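Chain nomenclature is as follows: A, B, C, D, E and F, assigned in order of appearance, with residue numbering initiated at 1 for each chain independently.
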Amino acid sequence: MSTLHLMRTSAYQQNDLTQCLDLLQANDAIVLLDDGCYNLSHHLLTANISNPIYHINEHAIARAMLDQKKISQAITLAELPALFFTFDKVITWQ
Amino acid sequence: MQQKSLAILNSSSSFDRTQGRDALDIALIFGSYEQRVALFFQGEGVRQLVNRQQADIIQAKDYLATFSALPFYDVEEIYVCQHSLTDRALTTDFHLDNVSVLSAGDFAKKLQQFDMVLRF
Amino acid sequence: MQSLAFIITTSPLDNRTVTSINLITAALHNNIKVLGVFFYQQGVCNANKDIIIASDEFQPLKAWQNLQQKYDIPLHLCVTAGEKHGLIVEEQQANIDDVFTLSGLGELVELSIQATRVIQL
Amino acid sequence: MQSLAFIITTSPLDNRTVTSINLITAALHNNIKVLGVFFYQQGVCNANKDIIIASDEFQPLKAWQNLQQKYDIPLHLCVTAGEKHGLIVEEQQANIDDVFTLSGLGELVELSIQATRVIQL
Amino acid sequence: MSTLHLMRTSAYQQNDLTQCLDLLQANDAIVLLDDGCYNLSHHLLTANISNPIYHINEHAIARAMLDQKKISQAITLAELPALFFTFDKVITWQ
Amino acid sequence: MQQKSLAILNSSSSFDRTQGRDALDIALIFGSYEQRVALFFQGEGVRQLVNRQQADIIQAKDYLATFSALPFYDVEEIYVCQHSLTDRALTTDFHLDNVSVLSAGDFAKKLQQFDMVLRF
């Protein structure tokens, strides 16, 4: 079983990312979208996460967020729907 | 009817905003359509299970009392994250009997068993 | 065939709703079947036809209308949520745009069972 | 004489709005002058007269009506926020209850200058 | 100068309390109301705060929250308006 | 006209929800009534000052551009908390020139100077 986690909030503001990481299983992945892109610099993600992390490129650029630590793969919003089917389910954190 | 099992992940406290009530409405309707439904409580969501809350004092709807009706809709599975309880110095003194307290790891694994997760 | 259903809970004034509309559009462009969109909680306010947004800004209602008309996607407005948000008077669509359909929560169950994946936004 | 002005930004469906109403009532019972209540952001939805809440639950609109009628407190609805939330059609109070007055943000400035304390809720 | 801080959110959920404490001055006080009452057990408040802390008794009771560490003075909502005038201003955290 | 100085404490990020825009509208109106107004940025609010944001990419209103109009309303004071910047690994590369970067202590003391604080 695998889950795609859609992370729409900033861990600098609220604790959704912490709770998400508590649930994270070996085959899961995280997508950062909207304000979730602020997590690109957050220590919860820049340390110790071996799962795939994606971020919506246009959402990060709009916020002037760079993936400086190269922790994430940039995708477009248009590429996201296909990802939904490569995991068994999707959980949204917002 | 086809089956799709639903896990509702409750992460909001009891009374501010309407998340808890809106989640319960979803649980009841899926239950009445004979879908497998389980309630999961994580983070501030564990507040919803705490015993001796008194909604009437703050003129809030006592939707928590409706939790006891869940078995009539065949919603029998209620899971709470021990880690979230410990963080908040909360005990297992709940207003419901059939709550399963799971370690963070078991809680995550149990959630994986469901086809679909909605979070409130 | 793989299909999606969406649940929208965000306000039309929230930029996250732009994301949701673009995501649904992207799915359709990728030839993924979208069985329907279910508006719940504050999301029902997307159906309010009296919302006035400056003309140089994104118009969420227009975007929902386009989606519905171009792709024939059912836009289900949760009746109970609609009543709580003052959109329904005497069981009629008071200030709800015509592209939305009043539906019970049972519709969400149907969509959930039929869709390959349900996306809550 | 010491006076208060209030800004309400929470939805009528949110229990925090009950707190706000009780707090304003408590101020009045303590003979504190309340110069006015200004509804901003999502708070404007408190004025929607079509909101349907189960009869055994707290009725925020009725509580606002009581406050206004019993104590003659001005309830100012921010026009811009009202338009964004679909409450105003062609500059008329579409589905806004009569106890509310349409006001510009300038009214908030006046209230702020006059009141001893401004409480944002 | 003094400020009365109205805290309506839980520090277990979001970071308002942290930011409030960053601003706290010697003559300030904090009132916990609504979900802010959950902070009665939070380590940010149970350690090191010498400022007066109040909580709205009915809001705490409704949530079955006890002030077990005796860090706060219970007041009723009816007592709150008078407090507004004993401080120079009021900031709401919600 | 009487005077009451207003500090607007911005704690929300740039685009999700409408907090930043709603705060700006308040700043402009108080400015046009010739009240002293200052903008304070703390927590996620500091995101609003970051240079090279591009609202148009996500079809958001570029209200941040309106910040440059603030001096015309005599809103000249803009303060940002250094601690909040450091936490987020942000520099002082802002899209405005006249931003005063203050230590957490000075930021708090400056805020105390105002008669009234609204937080968004």
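In this section, contacts are C-beta pairs under 8 Å (C-beta built on N, C-alpha and C of every residue); 3 or more make two chains touch, one makes a residue touch a chain.
Here the structure is a predicted model, which is why all the values come from computation and not from measurement.
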- Message: Return the chains shared as contacts by subunit B and subunit C, ordered by label.
- Response: A, D
- Chain-contact steps, minimal, separating subunit D from subunit A: 2
- Count the residue numbers both subunit C and subunit D use at their shared interface, divide by all numbers used there, and answer same if that is over half, different if under half. same
- How many angstrom lie between the CA centroids of subunit A and subunit F, rounded to a whole number? 28
- Task: Find the geometric centre of each of subunit A and subunit E from their Cα atoms only, then give the gap between the two centres in Å, rounded to an integer.
- Result: 34
- Item | For subunit E, residues that touch 2 or more chains besides their own | 8, 12-13, 15, 34, 59, 89-90, 92, 94
- Which residues belonging to subunit D are in contact with no fewer than two other chains? 13, 15-16, 19, 22, 118, 120
- Message: Two or more other chains touching the same residue: where does that happen in subunit B?
- Response: 15-16, 18, 43, 58, 60, 116, 119
- Query: If you go through all the chains, which pairs of them touch?
  - Reply: A-B, A-C, A-E, A-F, B-C, B-D, B-E, C-D, C-F, D-E, D-F, E-F
- Query: Touching subunit A in the complex: which residues of subunit E?
  - Reply: 12-15
- If you look only at subunit A, which of its residues touch subunit C in the complex? 6, 8, 33-34, 56, 59, 77-78, 80-82, 84-85, 89-90, 92, 94
- Going by the contact rule at the top, pick out the subunit C residues touching subunit B in the complex. 7, 40-41, 80-81, 104-106, 108-109, 112-114, 118, 120
- In the complex of these two chains, what residues of subunit F are touching subunit D? 1-4, 6, 18, 22, 25-26, 29-30, 33, 35, 116, 118-119
- Note on the structure: The answer for subunit E against subunit B in the complex is residues 8, 10, 12-13, 34-35, 38, 41, 58-59, 61-64
